[in-house]
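The two complexes that follow have chain A in common; it is paired with chain B in the first and with chain C in the second.
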Partner chain A sequence: MIHIKRLQEDGADVVALVGEIDASSSIDLDLAIAKSVGDGFTKILIDCSSLEYISSAGLGVFMSYIEEFREKSIQMVLFGMNEKVANTFQILGLNELLKIAVDKVGAKQMLA
Partner chain B sequence: MIYKQKVGCKLENLKPLRDFIRESLAHHGVHELHISEIVLALDEMCSNLMIHAHHCNPLDLFELRITVEPGKPVVFEIIDDGTVFDITKFEGPEIDSLVHDKRKGGLGIRLVKSIMDKIEYTQRDGSNVCRLEKQVRKATA
Partner chain C sequence: MRTKALTRLLFTIAVFTWLALVFTDLSIHFSLSNGLKPEIAAWLPTVILNIYIIVLFYYYKFKIERDESLNFIDLLWRVFATGLVSTVISLLLRLIEMLLGGTKLTSHFLYLEFTYLINLGLMVSVLLCAFMAWKRLILYQKSKWLIRLWTFFEVGMILSLLYNSLSAPFVQRYYEYVLGLFVLTGLVLSGNMKWVAYLNFRQKWTGLLLLLLTIFYLFYIFITSGALVPEDATTLQVISHSNHIFISSLMIFVAIYSIFSFLVILFNLPTTSVFEQKLEEVVNFQRISQSIQTEQNEESVYNILLETSVSTVFADAAWLEINGTKEEHRLYTYEISEKEARDIIDHLAKQQVRGLLDQNQDKTRNLSKHLGSLRGSRFRSILAYPIYVKGENIGTLALLKELPEGFNKEMNKIVSTFANQAGISIENFRLMEEALQNERYKEELKIAKTVQKSLLPQQLEFDHHFDLVAFSESADEVGGDYYDSLRINDHQTALIIADVSGKGTTAAFHMSQMKGIFHSLAQGCDDPQEFMFRANQALIHCLERGSFISAIFFVIDTKEQTVKYARAGHCPVLYYNSLTDNADYFKDKGVALGMVRNKSYKEFIQQNEFKYAPNDVMVLYTDGITEAKNNKNEQFGDERLNKVLCEVKSLSPSQIQEHLINRLYEFSGTDNIDDDYTTMIIKFKSRT
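This part shows the complex of A and B:
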């Protein structure tokens, strides 16, 4: 079960993920990112500080946007992951492909 | 010690299943990071089974059995009557090609293979058994 909250800060769309993302809820993450893109945001921050779990279904959603974001010059930075969630990204080397910051301040600095 | 849990093929059942795995392993003092990796791999295996072999029919049941014995790798068995979805026959696609193709699936197979030490499929009493092994560390070790 995942709750997704969106708020806008300094021209960036901050998407906060609260709870767990698995095969039953990854669609909600997908829809939230699609909505942000649809609303015209080019800076998207994903707040993972209340994300307790992410399965490969959730990782797949982030992966599926990498190429599209490159083409459209959309920047996405994830921040605030706990150790276990961070480890999940590392197992597959996704920490190399996605921009990940420790906290929101760091995430904003990564937005050029 | 053997822990057993029967589950209906409904994606909403993945969360209680993850809790069952965490609780079973926590009884044996397994290191937290190990537990979270194992949960990830089994979540992947079980969601694959629900989706691909049972088309998420909540009336179809399978069983997850966890066997913990001192000094031995932990054994996880997924026992099921449906169609076999044998991930050992699939090569996980390269990450680069997934990015290029904008695909959402395909990561799980790589994940399971990198987390588990051994994956094998057998038949037992007319059921399909997917057996996974993982050598774990104790939190205090």
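This part shows the complex of A and C:
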């Protein structure tokens, strides 16, 4: 089960993920990001501080946006991951493809 | 067969008893008239008569009461037939009497007594036959109370025979009371006329005729037997039925019930059609509910619904509209053209009548008042019913009549029940279809499972320099884990372990692609980085957006004693180093296959190399293992895996594998895994 909250801060869309992302809830994540893009945001911050688990399907969602974001010059930064989640990103090598910051301040700096 | 023999035997006994009665009675009369003291006791004829009655009683009990094949009309017919025979015989006797005229013989007391006995025997026979027939009619719908009352009546009557055989003065005193009791009981019992309702119109007419004739016979017998009692007081009446309780109460009961039945049938005639209609409704209802089993498609359910509704409420016309997309939308009509139906539908829509077209309408609607404003229509009454399947309105049934106010409440109710039942039938039908479809899918999945099983190698490469074992289990019918080995040349062996993102069928398809890629690329490729790059290039065209494959590709060189590998986002290798006696995970970088969809992927993949030593153990696994959870929602994790390996590092690879799997199941506490488990264990041997 995942609960997704969106709020805007300094022109960036902060998408907070609360809970676990598995095959079924990854659809919600996809919808949330697509909505953010649809709303015209070019700066998207993903708050992973309350994300407890992410499955390969959830990672696939982030992955699927990489190219689109590059084409549209949209910046996305993930931040606040716990160790377990960070490890999942790391094993798959997604940390090489995505911008990952320690906390929100760091994330905002990366956007600049 | 036994019953048949028994009835024959009883009949024979009855005839002989009657003959004995004639003999004793006549001999007593003869003796008396000649002033002699009769040698036979005076009470004997009465006793014999009672025996005759009992035998005949049982004869009819077997012949009528026990014969299940008799229906109501058959019963009436039996009584009628018995009455007819006895009346004809009685009339013949009269005819003989008339032909002989006033000869001495006819006035002779013995002759009179003889004819009297014949008539008596016949009368008892007719009465008992009717008694048994009426018993069956009365007890057609039994209740405890009714059966008790009847038993009292029957047993009481038989006991009265015994009572009758006893001394006369005693009998005389209570005669009226006992008779009165029996008549009263008979009257109460005669109130049970439920069988009449089950007769149809024709049967009722037949029943009336038969009953009328039976009543006529009874009347005749009554008159005859009454007249036959010699009024001559000087003649001593040995046998008399007039003060015989059994015969009297029997006669009264049979007569009362016959007259009651006649009247009840007569007065029931006008309502017969209503009962028949109700019965037809039940039959129609059954037709709808059973139509699925017999017919096999929705269309027939619709047709049966239309047909039965029309016939039940005597509608002049009807239509059944099934909602849906253009192809699915259908209109079934009865006695009304499609155009006419459309006109009415459009008219009601124009009048903004909610109900017939509005799909959210869930109530039966009487829309008759809106029809009045439609010109050129012959119909003046209309009723509409929604049909629901799984809470979804799938259509509307409309019934029409040319008469104004043509539908009553009962019709309304029964048709709405029909509509509901039709909905249930269709729902059942759809559920059955779904179940069948699911069965088919299951079969397909079984096939997919066997096909996929065959994709995993049955036998891994064999080498003198290392032992190699693997294990794989899927959470679903088919899984997305893959492992394989391939010999490149005499000193190089390629290994792969891969995990497709997601689970189930799509994962299985990608896994089979991975197998194809491995077998074509690994043939002449001893460069893991190159392998990953090419595999990625190939997979870009197969994997949909968001899907990826994590993998590690190894090339084991036994000549150089090295292992070259590249990790593409897969779980890091757990390696036990026998020299340092330490197990650890290799930390290196690499992005999963399919994540970077261009040639820059090469930059994201690392090639690593290390030298192996004998007794080193390499554990490859998929994330299903490290992410396996126990009931406390803890993961199996890297550290636990490391510990498990250290426990058994010195054992053979197959033992290590067995231990690991046991530990895993122990940890998760269930055999129901929720991800695919795959391990591959390589142990290097010392060079021999």
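The rule is simple: the second predicted complex is superposed on the first by the 112 of 112 C-alpha atoms of A that agree within 3 Å, B and C clash if a C-alpha of one lies under 4 Å from a C-alpha of the other, contacts with A are read in each partner's own complex, and residues count from 1 in each chain.
Quick note on the criterion: a residue touches a chain if its C-beta (ideal position, glycine included) is under 8 Å from a C-beta of that chain, and two chains touch if they have at least 3 such contacts.
Since the structure is predicted, the reported quantities are computational estimates derived from the model, not experimental observations.
Of the two partner chains placed by the overlay, chain B and chain C both lie in contact with A:A23.
In the superposed pair of complexes, A:A57 makes contact with chain B and with chain C alike. Contact with chain B, but none with chain C, is seen for A:M1 once the two complexes are overlaid on the shared chain.
In the superposition on chain A, no contact is made by A:L45 with either chain B or chain C. Legend: residue contacts after superposition of the two complexes on their common chain; A:E67 is shown touching both chain B and chain C. In the superposed model, A:E83 makes contact with chain B only, not with chain C.
Contact with both chain B and chain C is seen for A:G93 once the two complexes are overlaid on the shared chain.
Once the two structures are superposed, chain B and chain C can be ranked by residues of chain A touched, with B on top. In the superposition on the C-alpha atoms of chain A, the part of chain A touched by chain B in one complex and by chain C in the other spans residues 23, 30, 56-57, 59-61, 63-64, 66-67, 84, 91-94, 97. On the side of chain B, the complex with chain A involves touching residues 11-12, 14-15, 18, 32-33, 36-37, 39-40, 43-44, 47, 50-51, 95, 98-100, 102-108, 110-111, 114-115. Of all the residues in chain A, the ones that touch chain C in their complex are 23, 30, 56-57, 59-61, 63-64, 66-67, 84, 91-94, 96-97.
The touching residues of chain A, counted against chain B in their complex, run 1, 20, 22-24, 26, 30, 53, 55-57, 59-61, 63-68, 83-84, 87-88, 91-94, 97. Listed in rising order, the residues of chain C touching chain A in the complex are 499, 501-503, 545-548, 550, 568-572, 589-592, 595-597, 604, 623, 635.
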